[in-house]
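Letters are used for the chains, namely A, B, C, D, E, F, G and H, taken in the order the chains are written, and counting of residues starts over at 1 for each.
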Amino acid sequence: MEFTVYLAGEIHSSWREDLKEEAKKLDLPLSFVGPMENHERSDHIGEEILGEQPDKILRDDAASAVNNLRTELLMKKSDLVIALFGEKYKQWNTAMDAGTALALNKPLILIRPEELHHPLKELSNKANVTCTSIEQATKILSYIFETE
Amino acid sequence: MEFTVYLAGEIHSSWREDLKEEAKKLDLPLSFVGPMENHERSDHIGEEILGEQPDKILRDDAASAVNNLRTELLMKKSDLVIALFGEKYKQWNTAMDAGTALALNKPLILIRPEELHHPLKELSNKANVTCTSIEQATKILSYIFETE
Amino acid sequence: MEFTVYLAGEIHSSWREDLKEEAKKLDLPLSFVGPMENHERSDHIGEEILGEQPDKILRDDAASAVNNLRTELLMKKSDLVIALFGEKYKQWNTAMDAGTALALNKPLILIRPEELHHPLKELSNKANVTCTSIEQATKILSYIFETE
Amino acid sequence: MEFTVYLAGEIHSSWREDLKEEAKKLDLPLSFVGPMENHERSDHIGEEILGEQPDKILRDDAASAVNNLRTELLMKKSDLVIALFGEKYKQWNTAMDAGTALALNKPLILIRPEELHHPLKELSNKANVTCTSIEQATKILSYIFETE
Amino acid sequence: MEFTVYLAGEIHSSWREDLKEEAKKLDLPLSFVGPMENHERSDHIGEEILGEQPDKILRDDAASAVNNLRTELLMKKSDLVIALFGEKYKQWNTAMDAGTALALNKPLILIRPEELHHPLKELSNKANVTCTSIEQATKILSYIFETE
Amino acid sequence: MEFTVYLAGEIHSSWREDLKEEAKKLDLPLSFVGPMENHERSDHIGEEILGEQPDKILRDDAASAVNNLRTELLMKKSDLVIALFGEKYKQWNTAMDAGTALALNKPLILIRPEELHHPLKELSNKANVTCTSIEQATKILSYIFETE
Amino acid sequence: MEFTVYLAGEIHSSWREDLKEEAKKLDLPLSFVGPMENHERSDHIGEEILGEQPDKILRDDAASAVNNLRTELLMKKSDLVIALFGEKYKQWNTAMDAGTALALNKPLILIRPEELHHPLKELSNKANVTCTSIEQATKILSYIFETE
Amino acid sequence: MEFTVYLAGEIHSSWREDLKEEAKKLDLPLSFVGPMENHERSDHIGEEILGEQPDKILRDDAASAVNNLRTELLMKKSDLVIALFGEKYKQWNTAMDAGTALALNKPLILIRPEELHHPLKELSNKANVTCTSIEQATKILSYIFETE
């Protein structure tokens, strides 16, 4: 049995690569999907595909349309969602994705630095497990396949 | 026909009262529900009911458990969700609630100041309507009941 | 027991009034909902609420956002959908509403002039009943409440 | 990960072949399904299988029964729906399919010439992305698999 | 709390009246719905509403379309389904209704003479309770409201 | 793309073998599942596994429990259901299976001799396609995979 | 807005009456439903309605059929489930009801003496809130209706 | 066709190994999943991954969070659930899992010693089949793949 894991959250660090590498070391039968990790491209994908837009809001809206289609498709195909919050940025998109995952009954692992606990307390309470590092999240993934 | 509207979002301003008043002036057949608006109490409800907790994180978790139960129950009974983002605070809870509303197929109106457009672009693209003021949101609510 | 009926379809004739009147004569315990019937207002509701839009496409999009929210909310509260196709206009919105109703497992009555049978054959085959007049549709509504 | 894409819409042009070819050039892991593209056969499939029917309406109904079974089965197996509207014909079937896709929570890409924007405005507002060409649609499909 | 009960099954005896009377005597807060009980009218409702049909099969199909719409609407509004099988007729419609009720997760009470046990064994095994008389079914309904 | 087809209906003739053979000749990518076709064994499977039962009704109930588990599991894994009614026996189980298939939104093909039309009229009206022979059903299956 | 609360759990103490009284004192707009509280009658309801059964297991099965129908119907009509575990008995039925409530997405409050924490740890982790007394549960119910 | 079976229940005996071995002997196309079978590790997995916890209740809660994530993920991927009750321990977790399986419409086989019938009577009545041994359960699994 092989599972697909959607990696929601910030695209300004290499956390996805770190997690994939950890999983690979342990030879876990997992495949990972997630958003476009090139931030520039993610922000301009609307104009890249649909052509120049009249203003900033419409450029954002065109990009979001394409990115949301991607997220919707990939999250539905996933068995598990991991959402990581970093210390910078508003990351409302990540919180929305986490809420969606929970409402779709996808098991959810939340990774966040402990200092972010207070603003994330409701999400943390609804997540299956809340942890603070990539390493802990990988151990949880590994545990799913162990029987002893 | 009467609808129930869940008002998600910040509890540091009087926006809920403003919106309810507008709706009342127009005599709209709506009832409104939402989170505990007393911020202090919302943060301490876990200890108020379940007794003193060992540390800050557990106090937050106890409070969130009670507040999440409330939100889950009330949102499920609602026909429509309005989520308002203000200019301060992280408001991840609001973004999670909006994601939940969308995944539960509840129509969603997003209210946010235009300067917050960029970090909210994905949510804005998924919301049924995005607007910038209580007044606009009320007009949308009113329009549902008009036929001419 | 009282039912709510969503009346999808063209807003250029008075068919909704005719049907409501027929239902009233028979004293059927039904309430009717549907789209904004003032065509001008329906087309301009986006700008009326959200302010002037940069171009024609965006004006249409703003109006559709508000009208779609209305339809989504009202159709979900309905027990039955009646979709009427007239002889003019493209009426793709009506066909989309009918497809939505079927996918939401709402019983669907299709009213259309017989000459439109060919282009509507797939929809007709999926509708619960296809008929050609308001009078026939009203008889079907009435039959639901009769026992002899 | 491989996705299945349902191609809804007109069967009078070669747009499906064009799109498949584009996807093939890019080596996208996609498989495509859709309606019977031979228009004559699609219209006569009822009589071809079930025998001669008493009149035109019943011939249409028999054909639609078989075609609707096909669409229902294939759309349910699909991860994504693309609906294309051309400049001719009523295409109510396409609009119904698009409405069904949305109600089944299948991500939807709408392709239509810009001059059809007004009659398709509600559908456009509900689609994940609206574009005007096969090429744009293919770029969206491609983007789903790119990470940089 | 008041419940709605759909009474599926044969329309050749007065069992519905008997059951309603029993429930009335006990003052149970129940309302009952079900099919058209006038057998003649049920068989001719297609032609009564939609006009004369070319042959017997099409007359049956027209009648079934109207009757199925009625059943679908009423069963969805019901909290509980009671299906009664008598000793005569094929009653495939009753078995289909019972299967539908179970798939819709409506609690199901099956009433049948004991001699019909063998052909109804699968349905009996899936029903919540199988009994042999109106009186037993009424006692079950009554028990729902008792606390001692 | 490969589909699974559940073959509901009588187990007193070889219709399943006939249909599988036809499908094989056409090289259709289909796999078929269905009930235990050995009638004796189907009736005694309860006692075969669970041991002797006190009476006939309980023997039937034990057998039905095992057979219903099988049907439930296999039907859920199927993409399409074919239900065949023969001229003998009550076949209420088949009608219940067909009702379940429809409520689970599985496309349904009904095969029945034309003389059984009247008692099956409601089921026929709800099935995607009603036909009279294995050959017709196979042609429908084949059509799903053809594009020209 | 008024809610219905299903009270799952032991029927050997008066906890339901205590909780209802507390809710009444606070004038909460709640109605409460639950299982038959007369233990003797609950165990014999199968024979009371369906007649004498051949042995103890079948008597239990007949009683469970009737009690399960009741629970299924009432739980579906409820907005919230409270499950109480006492210090005696196996109470597997309560645990099953709690699991059902969670899978049906009903918010769940778990009441249990702290010494039972270990065997109930998984259920406690999935419940919205776990508490130890009727009084705490009532405070949670009350909080839902408070806004300050 | 291959099925996945979730084995819920006690982790103090080797019943899972026995059942897998039986299935292997019969060459059944089944894969089995289930909880961590090392009891010590299951109880300490929270601290193993998330670090030392302040007290016993929180240690249990951390372990349950990880174990519940595992169960939720694996049960959703399963086609069938087998729940075994042994003679010792409270096993409320097993009863909750069984209730979840039923609410998720997963077919359920219950294995329990006959002396546990009374406390398990409601669960037994809702399970597809109740039996007393691994051998009987294996025969049921085998029967699903037999056609004669």
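Definition applied: a residue touches a chain if its C-beta (ideal position, glycine included) is under 8 Å from a C-beta of that chain, and two chains touch if they have at least 3 such contacts.
Everything numeric here is computed off the predicted structure, so don't read it as measured data.
Each step here moves to a touching chain, and the least such steps from subunit C to subunit G number 2. Chains that touch both subunit B and subunit C are the following: A.
Note on F-H: across the candidates A-C, A-B or B-C, the interface recurring with over half of the contact pairs conserved by residue number is B-C.
Between subunit D and subunit E, the centres computed from C-alpha atoms are 40 Å apart.
Averaging C-alpha coordinates per chain places the centre of subunit A 31 Å away from that of subunit D.
Note on chain placement: the centre of subunit B and the centre of subunit D lie 38 Å apart, centres being C-alpha means. In terms of their C-alpha centroids, the spacing between subunit A and subunit F amounts to 43 Å.
Residues of subunit E in contact with two or more other chains: 65, 68. Pairs of chains that satisfy the touch definition comprise A-B, A-C, A-D, A-H, B-C, B-G, B-H, C-D, C-E, D-E, D-F, E-F, E-G, F-G, F-H, G-H.
Those residues of subunit A lying in contact with subunit B across their complex are 56-57, 60-61, 63-65, 67-68, 71, 85, 89-93, 95-100, 102-104, 114, 117-126. Of all residues in subunit B, those touching subunit C in their complex are 1, 3, 79-80, 105, 107, 109, 128-129, 131, 136, 139-140, 143-144, 146-148.
By the touch criterion given at the top, residues 54-55, 58 of subunit B touch subunit H in their complex. Interface residues of subunit D facing subunit F in the complex, by the touch rule stated above, are 4, 31, 33-34, 36-38, 41, 45, 48-50, 65-66, 68-70, 72-74, 76-77.
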